[in-house]
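Next up, some structures in structure tokens.
Both complexes shown next keep chain A, but they swap its partner, so chain B is in the first and chain C is in the second.
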Partner chain A sequence: MTGRAAPPTAERSEARTGWLLSTPALLLLAVGATGPLLVIVVYAFLEKGSYSGVQWAFTTEAWFQVLFERDIFDDTVSLADAHLTIFWRSVKLSLATTALAFALGLPTAWYIAMRPPERRAVWLFLVTIPFWTNLLIRTFAIMEVIRNGGLLNSALLGLGVIESPIQILYTDAAVLIGMVYVYLPLMVLPLYAAIERFDMRLLEAAHDLYASRWQALRRVVLPVIRPGIVAGGILVFVPSLGAYVTPRLLGGGKNMMIGNFIELQFGQGRNWPLGAALSLILLAIVLSALIALTRLTQRETGA
Partner chain B sequence: MKRFDPAALPGFAWIAVGALVLLWAPIVTMVVYSFNASQSVALWGGFSLEWYAAAAGNAAVQGAALRSVVIALCAAVIASAVATMAALGTTRRGHFRGRQAIYVVINQPLMVPEIVTAVALLIVFAAVKVATGYTGLGYLVLAHSAFCVPFAYLPIRARLEGMDRSLETAAADLYATPWRAFRHVTLPILAPGIAAGAMLAFVISLDDVIITEFVKSAGQDTLPTYMLGQLRRAVTPEVNAISTALLALTVALLTAFFVLTRRSDTKP
Partner chain C sequence: MRGGPTRRSIRGVTGPGHSDPPAVEVVRAGKRYGGVEALAGVDLSIAAGTFFTLLGPSGCGKTTLLRLIAGFETPTSGTVRIGGVDVTGRPPHRRPVNTVFQSYALFPHLTVARNVAFGLEMLGRADARDRTREMLALVRLDGFADRRPAQLSGGQQQRVALARALAPAPEVLLLDEPLSALDLKLRREMQRELKRLQHETGITFVFVTHDQEEALTMSDRIAVMSGGRVLQTGTPREIYDAPATRFVAGFIGESNVIEGEVRDGLAHLPGGTVPAPDGAAGPVTLAIRPERVTLAPPGAPDTLDATLAAAIFHGADLTAHLRLPDGTEIAARLPAGAEPGPPGTAHGVAFAPGALRVLAE
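Up next, the complex of A and B:
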């Protein structure tokens, strides 16, 4: 069946069965996920409704509002500083989260990969359970630790390191701590998968061939674990950029990220077209990050 | 010249232990305080189950818990059913036109930020709600089923790819019809993969906050959106108790998932 070279008709029937069997899944996704995404594109070019929703008239006003604001009284145009601040904060916090998660995740993943197999399974289980635990619950848990009367401040007060509780909650630092905490397993797991595959005898071979430690790291270890680094980077950066729950609970009302700002447009802001335009911008940033990183791995492994 | 010893890098053990403490300390604290007798979320007042009793007796919590389970069950069944068909359609077949496109659509929920999907669904469902007047749980079931598809699809596909095709060939050689070969050969071997996929879908659906928050109509809180609402106001130890109960459920399901996938791995 599979061994023989399939005649063209057989190939066509394979394709037909393939598509036929995939149809229910594709339909479900078209109605419940992909299709609505296309509707956003339309909404981003409509006029905002007076109460909420939209009016069916074409305009690029929403895109203009992403970057600029008009004065209500004299129609002067100025840069929308608040919007730029939110964009900048989102990108900055997401990059910082990814970097911190990597700094913590790489040694952790490396250490786990060097354990004997049965110990490794325990470590992995311990990393996986928090990963599957409800994001809201974990955010709530870390919130309890960093708030003024929480574990961290009590411990620091008890040790005499500080004299009065430090305000961490409702700052950018809280959002950063929260996101690192929440997304750390997403960095550790793919890194571990890559390191575990690495054949340590390659290192010995490199040293036998007079490679220095740095050369061995750069030329032998890094190329093999690069896919893991890229995967971990994507898995942390993408959800950080679109984060909603963590900044909302830990950042309070002031320290919004793009996700919260989008929600605002559909709630109190009552500006659906602006919300749609912002969603598309977020989507574009995420997709270009995904494409850039995938290209990077493909080129490196292809070389 | 110094050698690079992979097993003894300085400080790595400390960072690894630190990372594990970071991951677990907040969760452990939360679980411990859910048994706190004191009204305060900070001071320890002795062991008590009163917050569990309070949560269990709260009609809003009961309704939300029931809704969460119903939606997650529906989503798990629907998602794993369509994912099984799609996996059968896209694996172990010669390369055919458009297979890559099918992959992209199936995995799309993993690539698009959830807030964007949530907003998109809000826009579409708001229009449908006005047009049809229907405001039931159907919207949530539909949305949850859709974003659960990739989670159900991946383990099923992994299982299929590891499967020996010669068994089905043997069945065909013994004059089994394609349906009988599927029913009596493929499906039993595939079953652990489907169960694992359904379980992941169930957990993912149970955990969802953002899409549910945007799609739900009034009075359709699930446990996570109920908790989100509570956290916005004042934090009571009741939230600790609900969280711990949900955590216990997740751990139980995941342990089952690991057992299922591990047993299927060790099979010849």
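Up next, the complex of A and C:
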């Protein structure tokens, strides 16, 4: 017995050393990630201050305000459908952004992966160039393209396709175009990584077994590169949902997304608790989307 | 599986009868990649129901030829017919052939059963489930239906690839060096297995290999390829006994090659004269297998003068390496009991009647 007792002790002390060694990293995580989140959680359950900030009194008023609004004069309660609309639009636009980025990203990534290895680096570099520029500048560039007197409308007018400019700027379509443009590289890169690893002989095998191009794509290529699709989807969907600059500039302030709405509460709205509660709901949406996606992948690739 | 192999053609209309067109017919097929000529006008005719082997060293064009038949490549010139139907421009998924890939190319995201069923599902076959079970039994993988390819050994993956390609009952099964990744023991086992499957299914097998021994033991017919051309087509015995060119003689088994000249029915070779093979005249290159060479006393009629360079004992037999006056080396495979003497001993080299072959260059 005594002889056998030695290894577990050694293991335990090794484990203890491991924990000790990771203390700096754990501290950093606690202070850097958990800390701010804790502040948000606490603020979401406090009363709002008169001008801004919070008053240190517990209340669930902020959570009530997320869904309902109280009339200022007679205190009647009605559903805050404006809030729900903003949430719905955000989810809808983010899903559309993800889908559109995938539709554009897949052929792009495929094309790059099919180039000779020495040329791929050039193409990948071209794809990532927008990252080198400030987001504001890129967004203004998009405005220049889609505004009424902009490149797109001038071209269409000049070609005689349309008779008067189409209003694109300050619509949901503008926000969608802007977000797809901004987040497309985040879709292309993981897709490229997955396609580059894809064994092209599988495609030949599929064709050999009577699969048409479409069937081979659906039954072999997409399932095999699924990890890349999931990664790209997460990388586009999550920041789209919290997008702030793009909907603000291209949506014209009226067509808000969650990000703008949260900013409003901390700014002009002077309702920090509501802003905190909204942030937590955004976090909840993102987390449930991630969990759903992970579940889906596990079921497909697992047993 | 006994009692009538399930031989159903995909889209073919070939019925039994002596007027059957060849399973595969390649007419003057050429293929260039940029400036490189991979195939230089290949003609090939493969009879239905045979085990046909494309044999050659790497880069000889055998895989390119297989890919032309499968439809992964289109020929730069020439025609490919399968079951008498011109399929030259048809994509792979519209040809009644299936391929066993060198790397197996099993779908990693599908189970063994779904891999085998893939072709059947693409064809919309109602009997996909039964047929899949039947195929897994045929390759003796009954208990593995729900495994993933990554959970199988190399030999088992090989069997899945075979079952998957055989499941749609193609008119022709193409095999691209399918045994090259297996160790020797497994390889022998799979060679027998392939012969059994070919026999039981009656499907035409077109088998690509660079291993001459594998080609000789397995094939009904062999086409030896080199430099994008078919040099010789025949049964293993024809190819071995009567190689047409110096390349074939050297590539298949061991061969002695002797240069000389034929005059008046005699082959004048270094060290003497021997009866000339039929139809030979003028300067010739002759070939003979070591086992058709015997030793005779020096100076005996119809022998060549030679001296022994070395004698190597193999156990079952003995190889005597002899040198003709001009330096040409001749190997003779002798019975284990033969005693050619020490190096330098003078011998007469005799050839078995009719064993000398004239080679084309």
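Odds and ends about this structure:
Here is the rule we use: the second predicted complex is superposed on the first by the 251 of 303 C-alpha atoms of A that agree within 3 Å, B and C clash if a C-alpha of one lies under 4 Å from a C-alpha of the other, contacts with A are read in each partner's own complex, and residues count from 1 in each chain.
Operating definition for what follows: a contact is a pair of C-beta atoms (placed from the backbone, for glycine too) under 8 Å apart; a residue touches a chain by one contact, two chains touch by 3 or more.
Keep in mind that what you see is a predicted model, and the values were worked out from it rather than measured.
Using the contact criterion defined above for the overlaid structures, shared-chain residue A:Y210 touches chain B and also reaches chain C. One of chain B and chain C touches more residues of chain A, and that partner is B.
Once the two complexes are overlaid on the shared chain, A:L290 sits against chain B while remaining clear of chain C.
When the shared chain is aligned, no partner comes close enough to touch A:G267: not chain B, not chain C.
Residue overlap on chain A between the chain B contacts of one complex and the chain C contacts of the other covers 206-207, 210, 212. Taken in their complex, chain B has these residues touching chain A: 1-4, 6-7, 9, 11-13, 15-16, 18-20, 22-27, 29-30, 33, 41-42, 78-79, 81-83, 85-86, 88-90, 93-94, 96-99, 102, 105-106, 108-109, 111-117, 119-124, 126, 142-143, 145-147, 149, 153, 165, 169, 172, 203, 206-207, 209-210, 214, 224, 227-228, 231, 235, 239, 243, 246-247, 250-251, 254, 258. Listed in rising order, the residues of chain A touching chain C in the complex are 199, 201-202, 204-212, 215, 219-220, 223-224, 226, 300-301. Taken together, the chain C residues at the contact with chain A in this complex read 10, 70-72, 91-94, 97-99, 101, 103, 105-109, 118-119, 122-123, 164-165, 168.
Those residues of chain A that touch chain B in the shared complex are 1-2, 6, 11, 14-15, 17-22, 24-26, 28-37, 39-40, 43, 53, 104-105, 107-108, 110-112, 114, 123, 125-130, 132-138, 140-145, 149-151, 154, 181, 184-185, 188, 200, 203, 206-207, 210, 212-213, 216-217, 221, 238-239, 241-242, 244-245, 249, 258-259, 262-263, 266, 272, 275-276, 279, 282-283, 286-287, 290.
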